[in-house]
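You will see subunit A twice below: alongside subunit B first, and alongside subunit C after that.
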Partner chain A sequence: MFQFLPINISQGLIAITPELFVMGLAFVVIIADLLLPLSKKRRILDLAAFGLVVALILSVPNIFQPAKYVFNNMLVVDPFSGFFKLIILGSAIFMLLMSRDYKPLPDNKIGEYSALVVLVTLGMMLMAGASDLLMLFLTIEFASIIFFILVGFLRQDVKSGEGAVKYFLLGAFSSAVFVYGASFLVGVTGASNFASIQQYISAHGVTPLFIVGLLLMLVGFGFKIALVPFHMWAPDAYEGAPTPVTAFLSVASKAAGVAVLVRTFISLLPENANVNLILGVMAAITMTVGNLVAITQNNVKRLLAYSGIAHVGYIMVGFIAYGVFGIEAVLIYTLAYLFTNMGAFAFAIAIYNKTGSDDIRDYAGMSLVNPLLSFVFFIFLISLAGVPPTAGFLGKLLVLAAAIDSGYIWLAIIGVLNSVVALYFYARIAYYMYFVEPKMKEPIKPSGALKLIMFVSLFMVLFICLFPQKIIEIAGQVSLILRTFNGL
Partner chain B sequence: MILTLITFLPLLGALIILCLPKEKENLIRWFSAFITFVTMVLGFWVFFAFNRNTAEIQFVEKCTWIPAFNIKYFMGLDGLSVAMLVLTPLLSFLATVYSFNIKLRVKEYFFFFLLLETGMLGVFVALDFFLFYIFWEITLVPMYFLIGIWGGARKEYAAIKFFLYTLFGSVIMLLGILALYLNSTPPHTFDIIELSKGQPFTHTFQYIVYAALFIGFAIKVPVWPFHTWLPDAHVEAPTAVSVILAGVLLKMGTYGMLRISYTILPEATKYFAIPLLILAVINIVYGAFVAMAQTDLKKMIAYSSVNHMGYCLLGMAALTPIGLNGAIFQMVTHGVVTGALFFLVGVIYDRAHTREIAGFGGLMTKLPRYSGIMIVACLASLGLPGLAGFASEFMCFLGAFTSTINPQVFKIVTGIAVAGIVITAGYFLIMIQKVFLGPLNEKWKDLPDINARELVAIVPLVALMLLLGVLPYIAAGLSTESVTALLASLGVK
Partner chain C sequence: MNNLFFYTIIIVSLFIFLIGVYGVLTRRNAIGILMSIEIMFNAANINLVAFNKFMALEESIGIIFPIFIITIAAAETAVGLALILSIYRKVKSVYVEKMDLLKW
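Let's turn to the complex of A and B:
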């Protein structure tokens, strides 16, 4: 294959087979949109989902391969990026399945919509592997711009437009700051790819200017993952966006953001730099603000937006801890968050399809008409809150263990106190479902696709907590390779 | 396999109930009763099969679970836990029988109830922290729903308060557990027994971890000043759930202290004996006074739990064989006696729809059987010799009085605590007088006496009060060897 190309290019192309496949899929989707009649357009979603399943299978070997740079150090293919690719692809597949039954999406727009989703997936997969400042910037922009469009996809809906504009303006601003920060790094080290920067640092050490540049870049990352104080866009964008996009944004976009954040800091910053304290304070503020503001939310999408902000705070705690568990905790927490959040959003859509409302007060009495589904929803909620026996608990346990292990006891304490606050607003949803006089008279009947998402997620949420051995092993291996590859 | 069977049988039952049709309410009721009955029989089997002459862990089940973190599936029983493992299924069965009168959302009720039973049993048999913590938290979820759906007027408030309060305690406890794990000799372990065998924990470390664990346990017990969730939860919960709360859930706190703090953190245990003693006395005296001030019968019983768990803490603080045995025995007798009292309050509330002590009067003439049982239970609770409460409270006091930790302080403070008994007697006798004696309040002349279902739930407990009062050795002898071993490891004479 590719023998006509220079050897390093052909090797690179082979290494990024999943990405190439997804790119091809995007074109197939666009062509299918041209060919299919209006009545069959929803099938495009299935086509895209199926294609991404294949891409998912193609990506699996990535987590077991040794790390290597490709395309002149522009990209790195390693288990760490592989792990995040799986999370991104998994959430994209769930998201497409959810979209099938999401009524506000008009049939004639499905083709564009699917193509955009596939392309944004590609962008985020590349983000996970970016190992050059230029590549990093390009992939982040690629993914962000498509997300701006997806958030504003419901053109008739004012809120959708409002969310998109806010997201876009803040996004553009933070990108500018990011590039400014990156220019410091290039200026100091004279190189833009991570391998060369590492060499420079090990030879010359870190200068204050370098740290300033990195912190400015943090603004860009912070925006992607909705770190406080760069989170202002998130609630409006989440509320306005079509719900499947909200789910996708909250899981995949965050996962990709976490991936680049972790990789950049692990690669560029020696372990003992004082930046950790700044990150720790940000993590603490992020957890606290996210949880406290979530208490007053009545819109389920806004509520999950704020709770998502809080979860990023927890992920940051694991990352700051660097220690043996640190990266492992980040990986498992992200994986747990994928299934839990996707499950919860599947419920939000099923209920919205029935009642036309995202207000949790309209969930009143759901447990009477849908006892089983309500309880499953409740399990997702306690997983978000970190109560066993759920995946969220294992994630939180590892994050806390990582924090204590590396001496950040104050962060661990703030973390657990926050989980009590978090339980309150998750239990508030249960309060409406179980304790309040019923408003819902007829049972909601989720479609097969939504049920599939709910029960696969439920299975994984319980499985990850009760039988985590294999997953912990893989996560341990992934983080080990990432650390050794970057000389830690 | 017996412990796994006992623990997960109710869970299995709960899953089967999920598959039963919602309309067949009687089938669900009888099925739940059947499951809890079998669990109870297995509990009795363990009681008889348990070897009292050794401090070794018995019925051990151990296999690797998550080797990456050295987490094991480890269950076992010793003298510290066996009594609760017998009491829990017994109370669960009786509470199930009593719950036959639940009319609302029957299927969900019994589902949550059986789930709760699994959680409670698991706490008492788990010997690996990971497993222990999962069970510990599992009890919260069904309890939240049981109070919140089937509770009284302020059920939502009580349910969320219970949930948040106890979760707060358990997450702080989780930090303590993680600290123990990370500071154990490599390979790190979550094994509670392994951790109790000479780990190199410094004194300061022990004090900090003890404090973290204590917050978790103290909220459960509840130790003053962490008791404020208890009156709300107990009063608003449906009768059977109040019984379980008082009878089993509170003991998770004292059991946790004995099993974890005492065995793993010996230095801290000795260091904090005096503070624990003082808290115990506050629990006893304060609980008794507040109980006396209550006008609501159920609230009075709820505060009497604060009072009685104080005796338990007193015995634990003493660090003497008789004190610790008394504390464990007090867990059992309090479960039996207060369980019965909550049932009895439920009986009268179901009939009169009020619990105002002042609103009754002269019920003895109208409800002779009910009154007789109630008075026996009250006397057992206030510690009348010949009934269960006396034996265990006496042991706790004797233990505290003979403590060698700091004899002067212990003697003086125990002396103050004895005054608590008088107050306890006071509020029970006042209540008996107001409710059962005197002229009959005409409002209640048509009240029916206690019925068969209620008798089935209550009479076994009354029989146990008499039996344990006359032959305390049946239950108090279970823990002797384990307590001796525990004190030896603490290095207390």
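Let's turn to the complex of A and C:
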């Protein structure tokens, strides 16, 4: 294959086969949109989901391959990026399946919608492997710009437009700060790819200007993953966006942001540099603000937005613990978050299709009319809160253990206190479902796709916690390769 | 590196950046905020070109990077203006304090 090209380019093209496949899929989706009649447009979602399943299978081998740079150090293909590619692709597939039954999406817009979703998936897959400041900037913008459009996709709805404008203004601001910080890194080290910057750092050490640049870049990352104080957009964009987009934004966008954050800091910053205190304080504030504000929320999308902010705080705790163990905890936490959140959002869509409301007070008495569904949702809630025997518990356990292991006892204490607060507002939803007089009379019948998402998620949430050996082993290997590849 | 001219350029770009940040924080008009953000992008461009001129950068990255930044900023502005226009049709205003449906 590709014999007519120079050897390094053809090697690169083979290494990024999943990305190329997803790019081709986006064009196929656009062409399908032109060819299919209006009554069959919803099939495009199935086509896109099927294509992404193939891409998912193509990127599985990435986890077991050794790490290597491709395209003149612009991208890195390693198990770490492979792991995040799986999370991003998995959430994209779930999201497309959820969209099939989401009523507010008009039939004639489905083609554009699916093409944008496939393209944003491509952007985030590249983001997970970016190893050059230029590539980092391009891929972050690639993903962000498409997300601005997706959040404002329901043009007849004022809320959607308002969420999109707020998301856009804050997103553009943070990427301007990000690129200003990156310009200092380029200036100080004289190079833009991570390998050359590493060489410069090991020869000359870290200068204050370098740290300033890196902290400015943290604004850009913090915006992507909704770290306090850069979280202001998250609740508004989440509430305004179509619910499948909200689910996608809360899982894939965050996972990709975590991937670039971890990779940038692991590759550019030697272990002894002293930004960990700043990151630690930010993580503590993120957890606390996310959980405390979530207590007063009544809209389920807004509540999950704030709970997502709190979860990012926990992921940061694992990242601050640095070592092999900390990165491993980050990986497992993100995986658990994927299944838990997707399941919860699938449930929210099923309710929305029935009642047209996102208010948790309308969940009253759900357990009487829909006992099985309510119980499944209850499992997702306790997984979000971190109660055994669910994946959320394993994630929290590993993150806090990693923090204690590397001496951040105060951070672990704040984390434990916060999970008590979190239990309150998740239990509040359960209270409405189980102990309040029912409002609805006839049971909800979710469609096959939504059922599939819920039960796959339920299975994985329980499986990750009950049989964690294999997954922990893989995650440990992934983080070990990431560290040795960056010379730690 | 010990060149007065170089430091002048870096300080000018810092001031441009701060003007942009001030604009984003004080403007109430969405278009005004967008313009301030563009100013911030330009501060980064000036920085990169100055670094390229006065320090030995690998493969003229200081010239290539700004070209990408300018292109991306244009794309971002196009999407942003479209979003602002679509909300203008509903709210009949581009002032951000009028966009108050979603809060807390």
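Here are a few things to note about the model shown:
The rule we apply is simple: the second predicted complex is superposed on the first by the 487 of 488 C-alpha atoms of A that agree within 3 Å, B and C clash if a C-alpha of one lies under 4 Å from a C-alpha of the other, contacts with A are read in each partner's own complex, and residues count from 1 in each chain.
As a working rule, contacts are C-beta pairs under 8 Å (C-beta built on N, C-alpha and C of every residue); 3 or more make two chains touch, one makes a residue touch a chain.
Quick caveat, the model's predicted, so the values are computed rather than measured.
In the superposition on chain A, A:P468 contacts subunit B only, with no contact to subunit C. In the superposition on chain A, A:P18 makes contact with neither subunit B nor subunit C. Within the superposed three-chain model, A:A427 lies in touch with subunit B and out of touch with subunit C [touch as defined at top].
When both complexes are overlaid on chain A, the residue A:D236 reaches subunit C alone and has no touch with subunit B. Residue contacts after overlaying the shared chain place A:G308 against neither subunit B nor subunit C. Residue contacts after overlaying the shared chain place A:G111 against neither subunit B nor subunit C. By the document's definition of touching, neither partner reaches A:G395: not subunit B, not subunit C.
Contact with neither subunit B nor subunit C is seen for A:G82 once the two complexes are overlaid on the shared chain. Overlap of the subunit B and subunit C interfaces on subunit A: none, as no residue is touched by both. For subunit B in complex with subunit A, the residues that touch the partner chain are 18, 22, 65-69, 105, 107-108, 133-134, 137-138, 140-141, 144-145, 148-149, 155-156, 159-160, 163-164, 167-168, 171-172, 174-175, 178-179, 181-182.
Subunit A meets subunit B in the complex at residues 367-368, 371-372, 378, 382, 387-389, 393, 397, 400-401, 404-405, 409, 412-413, 416-417, 419-420, 423-424, 427, 430-431, 434-435, 465, 468-469, 472-473, 476.
Contacts from subunit A toward subunit C in the complex involve residues 133-134, 137-138, 141, 145, 148-149, 152, 155, 158-159, 161-166, 168-169, 172-173, 175-177, 179-180, 182-184, 186-187, 190-192, 196, 235-236, 239-240, 293, 296. Looking at the complex, you find that subunit C touches subunit A at residues 17, 20, 24, 30, 33-34, 37, 40-41, 43-44, 47-48, 50-51, 55-58, 61-62, 64-65, 68-69, 72, 75-76, 79-80, 83-84, 86-87, 90-91, 96, 99, 101-104.
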